[in-house]
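Once you scroll down, you'll see the structures, which are given as structure tokens.
You will see two complexes here that share chain A, one where it goes with chain B and one where it goes with chain C.
Entry: the complex of A and B
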């Protein structure tokens, strides 16, 4: 998937869960939890939203891989590639 | 209601339990004797003294009091002796700031050594300690700092910049802000002082203030049925009950490794994340990170946790992550697991057997009770889905408020009513800050009314039914719909709002807001997000609604009061005509 489109999509999903986060202020490398008031319920809702939006399965044990924007992008790309 | 019973064999765990026979323990127990077991003399009692000097006097000075684990798995230990010296330093800081006895000191901190040091140092100095939830937004923090007349605040640099700097001007009574640095260099915000620097200069001896049983030690805020939070005060005598229940319910023996996962912003994080375990000489595990299943299992295994006190939301999230993940590690040292925060469903209790070969033991109490009041005990059978039985020394009943204003104690089994406790246990709250009327209204005919509905079975086990008021219990936090509503009302698009708790498989109840828009505003996803963002910025993620629904009009009574109960009934698909039975339905 085009990396720019993917980032835009993920930021929009993030805004659905935590609309107080300014998309422009997200440091993609740092954990969301460290940058914002983003708790474990938010993390759970974000994982569900990502899974539904891309039609990919994300196991609970993989949630830490959605900790930062960059990590989330990698996970989604990986899953989409595996699906072919 | 599921009625599954988990039986116990008397020798389970290989440790002699503090409470082996429930009836015998109840029969023999006395609070006077429990108080005599502590170090305080006839006329003085100090929480910090019982948590530090007493265990040190028993030879535990070199034992680990707390082990702090950071994100990168660095472990930092503080022994009882080290923690004591640091608490003394902090008490000296307060003295040097000219703080009078009884003035309030607050923290807005996550789980870390500074919280322990500030909390214990404050108590040692005879000041009132108030630990605030660091996930609160500026609005709830301002209300609480004002209500508590807080004079000194300890917080981190980033929390200060994000949440306090903007409200500082509205807090004239807040004289000193001590900043815990996250980076060693750089200028601190204006009008703040460096916590570490003050600590390094302060002397490390301090005689515990000669506080008395009835002197206020702790201030905890909890949500009430108005927009204003309730400032619950607990006295130094609360340490008696916190110590006793740490033994009888949590079964903490000296040297045992104990992990309480509660946030220090709530009463559990202080009563059982700080005070109680130290009075027992336990070694606490303090994880500085947020919930993460793999991390938690690793901590349980590698830290050889003996006793674990956690919350239903966390347990349900662990269940969701799967039993196999739990089974991926071994926990030979784990011998007791307990839960608090909201009722633990039977499935979660018995999932403990699948994942850890032992059940979770539910416990019940509230900020006002200051210590665990009802519990499933380690040596006794566990009734899955039940809160357990009254702690020795505690008289609990189910009551009904009579039409004429009196109170009726329900004698028959399995009848629903409100939980009532007979005053006389030492950790009972001593007041609601600046609200004596509300305090008086909590008692009726010699009973404290808890506001929780339950039934009691023939063997004395209590079964939770719901709240008697509109308070929402979400992920272990009590949330006032009124506080959320008043924040939402400040959004320009909101004309009317009603906030209720809706069932959530993970956090028990989730906060949901129903909004009537002002003329000129159209409902849209963008507006929904805008309002949600507004609420999260003001209130913090833990308190703000997770869901927003727009309504043409909200149901009202004839006098114009919005009927939350009717909204809840519609949301849950319950018959609307039978509203009397809906109160507090889970």
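Entry: the complex of A and C
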């Protein structure tokens, strides 16, 4: 998937989960937990949104792979590539 | 019967609120538990629900006005059977009882079904991102009110307003901090707290969760906090003295267990809205309620019922937290349970040294109601329930 389109999509998912953060302020490399005080419910909401938007399975053990925006991009690209 | 609809107190030390929006207009019918009006408090936007089936006769306060607790906001014609004579809560007395008998306090338990996300964006005239920025800039809703009259306020309008009116002396964030400070000062002044701590082996709960969640889609999975909340709620229902209110010099136990869930507000502060009937709901339902509650907190838009209903509170610092937290009771409640971060620790069982995920529970309770002995039973009951997750 086109990296720019993917980032835009993930940012919009993030905004849906956490409407109180400004998408423009997201540092893609920093952990969301550290950057925005994401708690376990925020993390679950984000995982749900990503899973549903791209139609991919995300196991509970893989939640750390959604820790930052950049990590999430890699996970989604990997899954989409594997699907072919 | 014609009745007045006053601004209720929505928690300890709330003195006033700014009316944001009428959700019903004169002539409209409203059902018990349906939101009538949205107000802005130091803890965000709150939909105030009607306590009667009624018809709206007249609105007495216009959007943008700041009014004191007890001020009559509207006149209603009650269409159903009237429940109780009208008596606005006195602003100077103890916080309005969430389940006041004999007064017409707004319904503490919404009659309608809770729909996740409902009401979050429908009435908000300020986008959540803009609201957060306004908080940072110290702009109040009153200042934004004029902008809101023309439609939805976005970040851009907030920045413009900030440029036009720099350095506001007191911001909404400072107001929230002041509200928390006032409630906690009152708690420390009036409530003789005692504190107990207990380590619980979270292994059985963790194993149960892993197995349970493996088969589920992400959206249906449970989180640690839901198991802990259910365990606390069940223990509170079984062991007397920790669930209810201390009012008018005596303990008033509650049969229903409404578990207040402390949720941090990004940028500072916290709120502890209630998960209603937490002891009676299955874990999936409790999870849905919790999820919807956090969504409403994030959007800064709660409901009056859930805002005042809690009969006991649970607070946690989450995965990044420290081992233990010793919380302060939220008056007029009589107990609060603090859950520390769950961490792998050395654990001795049957003479064997094991590595187990350990949860440190702390209880702060009111010595006017219970003593350490029953407090210890209560904490142990929570740990025992977590050791048998099938029973939750």
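Quick note on the criterion: the second predicted complex is superposed on the first by the 84 of 84 C-alpha atoms of A that agree within 3 Å, B and C clash if a C-alpha of one lies under 4 Å from a C-alpha of the other, contacts with A are read in each partner's own complex, and residues count from 1 in each chain.
In the analysis below, a contact is a pair of C-beta atoms (placed from the backbone, for glycine too) under 8 Å apart; a residue touches a chain by one contact, two chains touch by 3 or more.
Fair warning: this is a prediction, and the values are worked out from it, not measured in the lab.
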Just checking: does A:39 make contact with chain B only, chain C only, both, or neither of them? Give me first, second, both or neither.
both
May I ask you to decide whether A:20 touches chain B, chain C, both, or neither, giving the answer as first, second, both or neither?
both
Could you look at A:51 and tell me whether it touches chain B, chain C, both or neither (first, second, both, neither)?
second
Mind telling me which of the two, chain B or chain C, contacts the most residues of chain A?
C
Where does A:64 make contact in the superposed view: on chain B (first), on chain C (second), on both, or on neither?
first
Can you give me the overlap between the chain B contact set and the chain C contact set on chain A?
15, 18-21, 33, 37, 39-42, 44-45, 59-60
Sites on chain C touched by chain A in the complex:
127-129, 131-133, 155, 210, 213-214, 217-219, 221, 223-225, 263-264, 266-267, 290-291, 294-295, 298-300, 318-320
Considering only the defined contacts, which chain B positions touch chain A in the complex?
135, 137, 290-294, 317, 320-322, 325, 475, 506-507, 529-530, 532-534, 536-537, 540-542, 546
Spell out the part of chain A that touches chain C in their complex, as residue ranges.
15, 17-23, 33-34, 36-37, 39-42, 44-45, 47-48, 51-52, 58-60
Taking the touch rule as given, give the residues of chain A at its contact with chain B in the complex, in rising order.
15-16, 18-21, 33, 37-42, 44-45, 59-61, 63-64
